[in-house]
Amino acid sequence: MITAGIDVGSLATKVVLLNENQLMSHEVSGTGVDATEAVKKAMDTALEKAGISFKDIESLVSTGAGKKKVPFESAQATEIICDTKGVSHICPGVNGVIDIGAENCRVIKCDQEGNIIDFALNDKCASGTGIFLDAMAKALRVKPEEMGELSLQATQDIEVTSMCSVFAESEVVSMIHRRVPKNDILRGIHRSIASRICGQANRILLEGQLVVMGGIAQNLGLITILKELMGSELIVPDEPEILGALGAALLAGEGEGEK
Amino acid sequence: MTTKVTTPGEKSLETTAEISKAIKAYYGGVKVAKEEGKPIIWSYGLTPREIFHAMDAHVIYLEHLPLMVGAKQLSGHYIQVAEEEGFSRDVCAFHRCFLGCAVASERDPYLDQFFVDPDFIIATNLPCMSESKSFLYAADHHNVPYYFIDAPINTWGKDIPDYAIEYYAGQLKGTLDFMSEHGLGTVDWDKLKEAVSLSKKLILLWNEIDKCRQAVPTPMGTVDGLTAAYPLIQLPGTQLGVTLFERLLKELKGKVERGEGVLDDEKLRLLWFGVPPFYNMGLLNYVEKYGAVVVKSMIEYIAGGAYDPSIMDPDKPLESLAYKALVDIVNPISENMVNFIRETVKDFHIDGVIGVVKRSCGLLPGYMRPVKDAVYEDSGVPTTIFDLDGLDIREYDDATSKANLDSFIEALLASKRR
Amino acid sequence: MTTLERMIGILDAPEQVVMDWKAKGKKVIGYRCLYVPEEIIHAAAMLPYATLGTPEPITKADSYFQPCACEFVRNIFDLGLDGKFDFLDGLVLSNTCDAVRHLKNMWTTYIDSVPCYMLNNPQKMYDEPAFKFYRHELEGFKKTMEDLSGNKISDASLRESIDLYDETRRLLKELNGLRRRDVPPISGAEALMISMAAILMPKEETNALLLQLIDEVKTREIKDADGPRIMVTGSIIDNPTLIELVEDMGGVVVADDLCTSMKYFWYQTKPNEDPMDAIVRFNLERSVCACMHPSEERYDFLQEVIGEFAVDGIIYFNVKYCHPFVYESATFRKKLEEETPVLALEVDHSLSGLGQLKTRVQAFIEML
Amino acid sequence: MITAGIDIGSLTGKAVILKDNEILAWNLIPTGPDSSETAQEVTDMTLKGAGLSLDNMDYIVSTGYGRVVVPFSDKNITEITCHAKGAHWFFPGVRMILDMGGQDCKAIRCNATGKVTNFAMNDKCAAGAGRSMEIMADLLETPLEKMGELSLDIKERLAPLSSTCVVFARTEVLGHLHEGAHKNDVLAGACEALAERVKSLLKRVGIEADFVISGGIAKNIGVAKRIEEKEGLKANICFEPQIVGALSAAVFAREILEKKGKRKKR
């Protein structure tokens, strides 16, 4: 059975196509202003990569902040369910998930079978999410993808105290003024965001073997500090941003969203 | 836009509609009393209503007014007024809202229907100690006398020592004297005894009502329950309260017999722990799309709702009321609250607990974790905890709240399916 | 080393005080809040130890307390979870605010290493029934302390302890009285640190040191004393950083209203009474904290200090989510401002975001 | 007597040179990565415009966010104290100043001589400051200068943006646009939200009729007009509201000199 999972994130839209739970193809593209359009495009590309056409898909599940904007008929599921599903598929037996996306940070605690025990979502403040990092990257004039690497080359510990992403930005600017090395600032930023995430994880007593997913999981600098702070074993799978979409496609395989 | 997404809760019972009318009538009465020159009291917390009713006092309750204002979506405005007075966003939204109403130079016509300035104020530190200070501000602002009832915290469990009862009962006597001094006549002890006996009756009825709610499907959920709790909280010691509860009990019994529920096909039964969003009670109906019902909320049980009234003795009115207040589940440092929730989860076949904290509440944040752990340990029932302010609509984020509810319910359903 | 340096040095390693005491085979009782009578603990031959916070960020406690509980209490609980208070033989809390009440709940539920007691102090002052109730509670507390220490508390030993503590309070008051001068001999930050050290140390030692100290600073004058004279108030401050900040910005901190400083020693017990009654009256006739009703006493105290110490401006440092003080500062502010300018600030107990505070404090001082 | 005032804000650096009571020259440049350099740069430009050099300056006062890093200033003073003084210089009758800058907004009350008597600042969240307007402008692809004007030309009244967080407001804005809302209407929503927040700041210090708006957002008539409407007031805005801080620093410099009665040797 061919199934599709669509994860419409606030920044990135992800599509995963599975055949009998085996990956056929996936696509990540920007969500932009028009989510509907973005989904269509991502879907077309994924279909093309897989060499099939839309009518071959038997079942569809969509998730993510923009799941209601998906233009195809599909079942909907929350990110918590899809994340857990996707994670326990590729890393069975883990104790939990940390999903850091653009505007969201979710922590999920689950048991060996992948049942959700507890979870916590971030509140309305943007600090502790991808957008915060993106803004900092901009202030420091580095690419978001490079931030992590650079922060690992830091030589001293400095503290970024503002939790508000907007104020943190000016704090960072003032550090640049004081000629604090970029790498050290980056490390400070990562530390501040990691402690925020750590606090969220603490709220549900998350520990043990954890998978980090979402776009930000690719940021090695953050992962390193997070590991240090949490004292947990953190696993970052390949292409961590598509796990939500993968989970959705797996759910579709379980009979949700059949056409 | 926040305002668009809020909806009032949909009630399903006839008696609760009646109770709503009684609430309006009560506050309408306060306004009339003021016009007739009778003294008006502002009060708050678990100050015993029985003595107010026995004295025929007209009282505006701090926690009730914001609810009414909140339901009309006006709370945000008055909260802002209080903040402009210099109150931090971190203190209780109920108190901020009330203070906002108290000091506003212009009042909304809706508010004007029942909100009047006080002639004196009676405050207490039960349930939350720190917030009681807000009344000092109000007393200062309106330049009116102020009486403070100090409730010792319950470090004793169910066995309150005599000296604590004596201390609290003594202050109730002080309250009565204070009211007399300020123009409410002397206390009629027979009337007070009658009030205590009516109060006892009322709680017994509530306990029976509560039993009905254990039925599957439940005949009354929290959307109705919060209104239904009004007589319990505000009318103990009156015949009206008893009559309303008799009617409610009858209606519920009929429903249970006929097997009618809020939802006929209940898939999940939930318990709401914390203050629900009074400006958007529709959120409690929201879960119905999953076949879930919020059966009960903790709020309905403060002020004696979880209380065994057998110990009340009308011949010792003040001592009975002292005991009732001191063992209340919201009197901190006691197992009472944790045990109450623990039992409720079992007795009401609860599948999941929704714990909401508002950042401005002094009392509830400290309960969340112990309750969650106790319930999970006992029954394996999970609790989700998220931020939601029951009153400050400016802090409300519909998408986040729903995302939390969606995720929690989906997870519950998924584990049920297994 | 000067006596001043010696006293302040104690704060670098307050645990040392405890270790020295424990080395004598005696017990230590932690307490939070001045409504826990140290004298009773001391009369049972134990060391009362004020549990103060640290500016460290909170980690573990966040999984127990929601982040909207006062940071000071979360900080104490964090330290408790971390075993930082394991040297205590008991912790006594008093009924002052919702945050502390919950600390008691949490501590009892989640920390086994140190038993925790709650002392039920009334929140009503000057009230005979409250005296009576409190006396009952204190009798129970006395019993608990006797059981814990294995020592009986006689009226005579309690009297002795009270006298000892009164002496500490008297000396501290004398020392701080010197700050009334046009050029104070000690800075606000020094004064706070001296008080905190005096609070932590065994009083026998404290008193000897204080005598020397008074002598030592009598002829001292601080530098930069030409700025406006500031009084600092608000919730607990257990770290001199905030006061230093005010002084760095050009303010001269001459007085305060803090339970870690002037509120600790401003009052004396009344002589010639039954010693338990003396403690009851002492605690219910002075007001150290915004938790008490009514607030007139506190307001009068502020007024008195403003006059005596020639205060030009008042700075409120309210710990975030500290409800009693937040309400009270709003209430007082209106009245105080008629004569003395007031700046009310919210601070994180962990002292983050000092940059923004600085601008406000500097502007306030410029305004004066 | 020649004095200079340097105001290094979070977003712009300004300098004003004052000869006795007359503005000789002023300049405004974006704050670069290094505040000290910005200070140097804007001062040099201004000096050049006046045909003077640093040696000619009798006294220099710095202010603003970067006030402590101006290497050649004789004294630093907070923005709050400064703005009251400068507003007073432009409009002597003024009793209340609203300074709306990039990072924070301040409501200031002063007495007849321009001395501050009370003030309030926005809190730790950036939602109520100029930076949020820039983010909006960016998002709606509108030049900052046009924002205010456009926001007054609306078709439909949307509720003010509800997201308290600047960052999340982005999603809200995109949502509106996607539902076909007109750009101007969304801009109006953003201005409205900011004006609403500022209003409560003003109320905290107590509203006075004679008031001045200074700082960059004063140029945003969409915000300024809305604040006026809300309280039925008329705001005074000088020809260049952004330099009020720097100007007052220069005025302060003069006053300090006058008090000291002697020139400082450089």
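Think of it as A, B, C and D in the order they're written, each chain with its own count starting at 1.
Everything below uses one rule, namely that a residue touches a chain if its C-beta (ideal position, glycine included) is under 8 Å from a C-beta of that chain, and two chains touch if they have at least 3 such contacts.
Here the structure is a predicted model, which means the values were calculated and not measured.
*Asks:* Which contact partners do chain A and chain C have in common?
*Replies:* A chain counts here if it touches both chain A and chain C, which gives B, D.
*Asks:* Would you mind telling me which chain pair, B-D or A-D, is linked by more contacting C-beta pairs?
*Replies:* Higher contact count goes to A-D.
*Asks:* Roughly how far is chain B from chain D, going centre to centre by Cα mean, in whole Å?
*Replies:* 47
*Asks:* Roughly how many whole angstrom separate the Cα centroids of chain A and chain B?
*Replies:* Here the centre of chain B sits 40 Å away from the centre of chain A.
*Asks:* What positions in chain A touch 2 or more of the other chains?
*Replies:* 65, 124, 162-163, 203
*Asks:* Multi-chain contacts in chain B: which residues touch at least two other chains?
*Replies:* Where chain B meets two or more other chains at a single residue, that happens at 86, 385.
*Asks:* Note the residues in chain D that touch 2 or more other chains, in rising order.
*Replies:* 124, 164
*Asks:* Mind pulling up the chain D residues that touch chain C in the complex?
*Replies:* Against chain C, chain D makes touches at 77-81, 104, 115-119, 121, 124.
*Asks:* Could you list, by residue number, the parts of chain A that touch chain B in their complex?
*Replies:* 65, 77-81, 115-121, 123-124, 203
*Asks:* So in the complex, the part of chain A that touches chain C is made up of which residues?
*Replies:* Those in contact with chain C are residues 161-163, 171, 195, 198-199, 202-205.
*Asks:* Which residues of chain D touch chain B in their complex?
*Replies:* Those residues of chain D that touch chain B are 158-159, 162, 164, 172, 200, 203-204.
*Asks:* Within the complex, which stretch of chain C touches chain D?
*Replies:* Result: residues 337, 341, 353, 356, 359-360, 362-363, 366-367 of chain C touch chain D.
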